[in-house]
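Listed below are the structures to be examined.
Two complexes are shown next, each including subunit A; its partner changes from subunit B in the first to subunit C in the second.
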Partner chain A sequence: MVSFGDPGMVLKAFFPTCCAAADSGLLVGRWVPEQSSAVVLAVVHFPFIPSQVKEFLAQVQQTSQVGVAVLGTWCHRRQEPEDNLGHFLEGLSAIFSHEPWLQLCREKGSTFWSCKATRWQGSTSPGAPSEDQVMIVFYDQRKVLLSQLHPPAILPDQETGDAAAGAVGLAAVFHTVARSEVLFRSDRFDEGPVRLSHWQSDGVEASILVELAKWASGPICLLLASLLSLVSAVSACWLFKLWPLPFIWSKLSTCEQLRYRLEQLTLIFSPQKAENPSQRMRKANMCVSVLLDVALGLTLLSWLHGKGRIEQLADALVPVADRVAEELQHLLQWLMGAPAGLKMNRALDQVLGRFFLYHIHLWISYIHLMSPFIERIVWHVGLSACLGLTVSLSILSDIIALLTFHIYCFYVYGARLYCLKICGLSSLWRLFRGKKWNVLRQRVDSCSYDLDQLFIGTLLFTILVFLLPTTALYYLVFTLLRLLVITVQGLIHLLVDLINSLPLYALGLRLCRPYRLAAGVKFRVLEQEAGRPLRLLMQINPLSYGRVVHTYRLPRYGCHPTHSWGSLCRKLFFGELIYPWRQREDKQD
Partner chain B sequence: MENEQSFSDICGGRLALQRRYYSPSCREFCLSSPRLSLRSLTVVTSTVWLAAYGLFTVCENSVVLSAAIFITLLGLLGYLHFVKIDQETLLIIDSLGIQMTSSYASGKESTTFIEMDKKVIYYLCILLKDPVEPHEISQVVPVFQSAKPRLDCLIEVYRSCQEILAHQKAPSTSPQAHQKAPSTSPSIQKASIVSRGK
Partner chain C sequence: MSAQPGTSTEVKWQKVLYERQPFPDNYVDQRFLEELRKNVHARKYRFWAVVFESGVVVQQLCSVCVFVVIWWYMDEGLLAPHWLLGTGLASSLIGYILFDLIDGGEGRRKSGRTRWADLKSALVFITFTYGFSPILKTLTESVSTDTIYAMSVFMLLGHLVFFDYGANAAIVSSTLSLNMAIFASVCLASRLPRSLHAFIMVTFAIQIFALWPMLQKKLKAHTPCSYVGVTLLFAFSALGGLLSISLVGAVLFALLLVAISCLCPFYLIRLQLFKENIHGPWDEAEIKEDLSRFLN
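After this line comes the complex of A and B, so read on.
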């Protein structure tokens, strides 16, 4: 069962820094033959009964699925050299047979250690043991236990046999230490058969607050989960499915944001525990994100409700809307004249201009009708900030969309008109050249037209061509306005996305406890002396901030504009409508 | 067991190589680049501040001056922390792996450790200098791609090539007037780049 490793490789002894000051005893750990490395997990102190030690180790091996065994002896000479101890320790190698047998020794007052690793089998001279070259690598047991390697070296569902065997390289060390938690449960103050020294031998670390929180979290989670399920049941009620309500809900980004938050809260307060570390991190990230959101929202709320800012805001809203409408009217007057020196077709110009002016007039009347209620509405909307800053920002974005609804209408009219014109032009242009679009074959075919068809076609073509600049200009102006509104809304959505998806818990962990998120390891060579084994210190190399954000970023809702610049320009040129925020279903106008 | 030697990089700057042999199975090589020179720092700072002062005389706004100071400070800090690498170290530990550390001028260290069980492939390549930009490398041409010889064979090939190239360089340095500048003067450099392969 035991394999001996490659005798040519240097033997690496991973020794925990917490045991460097421990009394003499037995070294207990795991031997990894493929890399010729011995991972020391703890030191068993005298007095002990060998059979009890073997029983204890078999128990640990069964529980943790890690091949824990006695690897050798540890000798810490505090007083003058004791020869009896030396002989006693040598005798132990006969009781706990292990190949190779490690003997680490530390003198009092000396930083350099002596190290021997002897093998009986496979040695060149029979009857005498062969010695291996040893390298001591110190590691901080607590940090290695708590840290998590990225990318994870082990598949999460590997349960059979010695599960740690799957890890390769230094990940095996991490895995061994992480899996041996059961070994670290007995501390120095226990009355068990074996006395161990490891990182928790001074008493198991615990915090009363954490314990209280864990105990209280059960019932609180159940209560909140039931509340949330009630809320989601109400929202899924048939009343809300009556048309046109689903249409409105899909258009408002506030509803999307509320739904997203509801999903997140359901996940956080679900009574089942998270199985693997990534799920735990995700829950923690969501929790911190929600808390930050609510905190920022409450700050905004207190700012809004202090010093009568609500009244100021409400008072400023109607004049702003008026101002916008006035500017639009000026713009239309300018377009109806000779904009930028271009000569427009007077009749079409007047028709379009008057049409849009009438719309603006309707809009202004509507705003003035609403003005007594504005303050109440703003007050209630301000209250929504206690649900989170993201909700307020979404409401702001929706309010902007509603207030600029007339710009949206103008854009749609202008785009439709322009689109019709382009379609007409392209098909009449084909007629002009004597071709036509074959729908069956989906290509352009030549066609012989009658004289009257050609005459009318050419006439219409000329009319459309000469009316093109006017429509194109109106379309251009309203498209630019619409793009401006979309940009403003886009910036707000970007901010909301940022707050939603930033993994704050992971970033905080990287800042305060960098060893928890490990990208790898790094080594430092400690003081050397000729003739002594090489001593190295293994430290944890933390993940960079960019990779932390990339790995733990929370999923966003909705989707981003999937247009590339090329397709956007193409759509603009042909007058197709642009829908910037495509919610899940495809919406036809 | 330490010794120090000075070399020069491809641009002609001075480099100091420090070798430390900790044990037969562990060696460290440390290359130090020249530090940030006071002259270049003064030149850059004076240029920025003169430009800011010029802008100030035009627009009479003292915000420009404060902004210039701010920008200089931030730029210097950013350069020292993210760009200027003072020392690069290579630590080789037998049967563990290779560790590369870069230390920046501000003291930041970034380390990468490559484990021994990851395959390390050595290859010899020819780096061609760009005729337009003499300090830039325009192409990397690896040789023996299908044969994939080991390090000892590559070292042999490399030494012989360097001998021949040294011959070529020597006559070209003397009468400059008669020589036509070669269009691409290939400079062969050995690159032992660690590549991950399982």
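After this line comes the complex of A and C, so read on.
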């Protein structure tokens, strides 16, 4: 393989493949002295007037901020060797002085290439020109122009090693080609003062629709942006910031999703132009993800509104809630007996069981009170699907949270009771051993207690020890139920996050135009012969799918599991309340 | 180091390392063992004094025995709870009066504890026990009786092991000992037929495990003769109680008491003859001065 990053050794000439068939002329490009490489951008054909060429190059240099210059001559011998042309080309070096002066020559039959790089200064004997060894690297101008090198931000002054230097060199080549877009703007049918050969588009395709869309997109964007800013101003109104409301909004995933969607739309329709490629890519990703989301949502909507599915759904919802409550009742009755042959304290068992049964009774009455309105609610919720599938999924998650509110209540009661017992037992166990927790020194000290303290402490300790299994069983069962609900909600949120944050546009680009997202390049040897310059073909390595997702993932909304598994188990054991995904349902009723 | 030990016999060897001497570092001469001493801290025991001291152990064993016997009577329904309550209250009152009479109220003045505080403690005991007795009654309903017995035996043994018999050891913890006794009494009381029984049983446990040892300590310190009498009386009453339940148990218990109060002291004194405790300059340094004044 060619070591790319050793400057000074071999001169590298980057030559566009599309110019291989061009007529003889001048090589126009940029000289990168740090890498000792010449990036050829175009070939200027005969006939030309040198002053016009110079003027044209100065113009290009001014607009593209790239040091474009005449690097040498290009000679394509189609017919018999023309000696006068060779002399003429040599004479050009006096007019366009450049250091080193490249002389690229393609022999008849396209297989033989020769290249000379002449330096007038710095040679051992002044006056006599010295020649460098030259390597020709072919590149596809269009692909290099359109592709974006990853990682994009490499500063040219980073010289940490060979690999870094190679990456910097590549970045310089890519950068040069990308910045000289002005040079390629003229197409085949343009008649300018200077005739150029380079990659050219096949002319601009004019379509009335495209032109109309281009023309209309500005005002439409402006209009939508102002509408969106109006919506966000309304949502920021003080009425919605009265005390309990922000708390409730933060607990409802629907509100979070709507806020996120508003942000997305504001960004998409913002009238400012994206400054760098990553911002442009982000905008495109967002746009595609919103479009896909809305398309999926509309599909869902059409499915829901066909064949009276909404009525079926509404009719099914109440029996399902009833069924859940019934199952819970059976579970409680099982717990009030002797579940799994465990020795429970009968009196406490009965008290807890009746308390929870009464709770379920309340819940069922609430559901039945709600049942006449359920169909209308479902119909309105179904309409929300036109805002996107994610919104309706969030609403589904919120509805699940509301319908399992009794499970949440049971869990909280069980956890509080269990936590109380565990805390009491741990401190009474210290008393039992004649110790106490020293708060100031953060350690266990010995302590002499009074007789009555000891007596009451031990009495309570004994009672708590014998009551612990009953409470722990209730806690265990309700925690498992709660974890089940949380798992379902977590899956829904994962799906929503997936739709929200997957960079679909970037992935599509990677699938259809792999060269657009470049991770690096590879070189293929075309010709290697003694006495002739080494010819290489530069091919673009596409970015892997994992890196694409990693680089272009859109930011997520809301908070995410903050517990590790260890801390989760610890919290469960000590009866602290867990909210693995988000703290919700606190104030919904 | 260079000179031979034989050539420099006239040089006197000193047991110091900070001066250069013509001996190897590990050299010692014949005077080394002159400083050997034996049994410096050994004490001479007298038989009856040891027997007197073993009274504490006998008393505690008897307390546990009496408690278990009373519980058995209650469980069988042979002992009316009112009777036990009356006796317990009467003996507590007598004990309370004796407690102050023995040292003429000196201990009370030293501790600064008022009679109001005593009354408050008594009220707390009775209120809490009475309030919790229905819970205690149903507490261990679903737990097997054998488990309860095993737990009680374990706890009472723990009570005997950790009790403060006056020895200065790390294992002694009067708090833990009392707590274990209370735990055992709560366990046993929860097996009794009614909540009144449970209440009276726990009260009795406080009397015999918490209050009775305090009175004993005072008796032993101020009137040793009466202490011997009380110990004997208590031991015989415990034996009698046990005899009414099981002959074998009573015989075994009597043997245990005799072994602890007579055989063990005898054996201890016999073993003193074989004591050979050597002391010398190789011992660790001991700080003789009392440094406790630096602590505060």
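Side notes on the structure shown:
Keep in mind that, in the parts below, the second predicted complex is superposed on the first by the 522 of 589 C-alpha atoms of A that agree within 3 Å, B and C clash if a C-alpha of one lies under 4 Å from a C-alpha of the other, contacts with A are read in each partner's own complex, and residues count from 1 in each chain.
Keep this in mind: contacts are C-beta pairs under 8 Å (C-beta built on N, C-alpha and C of every residue); 3 or more make two chains touch, one makes a residue touch a chain.
Remember, predicted model here, so these are calculated numbers, not experimental data.
Judged by the touch definition given at the top, the superposed model places A:Asp452 against subunit C, while subunit B stays out of reach.
In the superposition on chain A, A:Asn345 makes contact with subunit C only, not with subunit B. Judged by the touch definition given at the top, the superposed model places A:Leu170 against subunit B, while subunit C stays out of reach.
By the touch criterion defined above, A:Gln35 lies against subunit B but remains apart from subunit C after alignment on the C-alpha atoms of chain A.
Contacts of A:Leu393 after superposition on the shared chain: neither subunit B nor subunit C is touched.
Once chain A of one complex is fitted onto chain A of the other, the partner contacts of A:Lys522 are limited to subunit B, with no touch recorded for subunit C. By the touch criterion defined above, A:Asn541 reaches subunit B but does not reach subunit C.
Residue ranges of subunit A in contact with subunit B, taken from their complex: 9-10, 12, 35-36, 133, 135, 137, 168-170, 520-523, 525, 528, 533-534, 536, 541. Residues 22-23, 25-26, 28, 91, 93-96, 99, 101, 111-113, 115-118 of subunit B are the ones touching subunit A in the complex. In the complex of the two chains, the subunit A residues touching subunit C come out as 338, 343-347, 431-434, 448-452, 454-459, 461-463, 466-467. Partner subunit A is touched in their complex by these residues of subunit C: 121, 124-125, 128-129, 132, 135-136, 138-144, 173-176, 178-179, 182-183, 186-187, 202, 206, 210.
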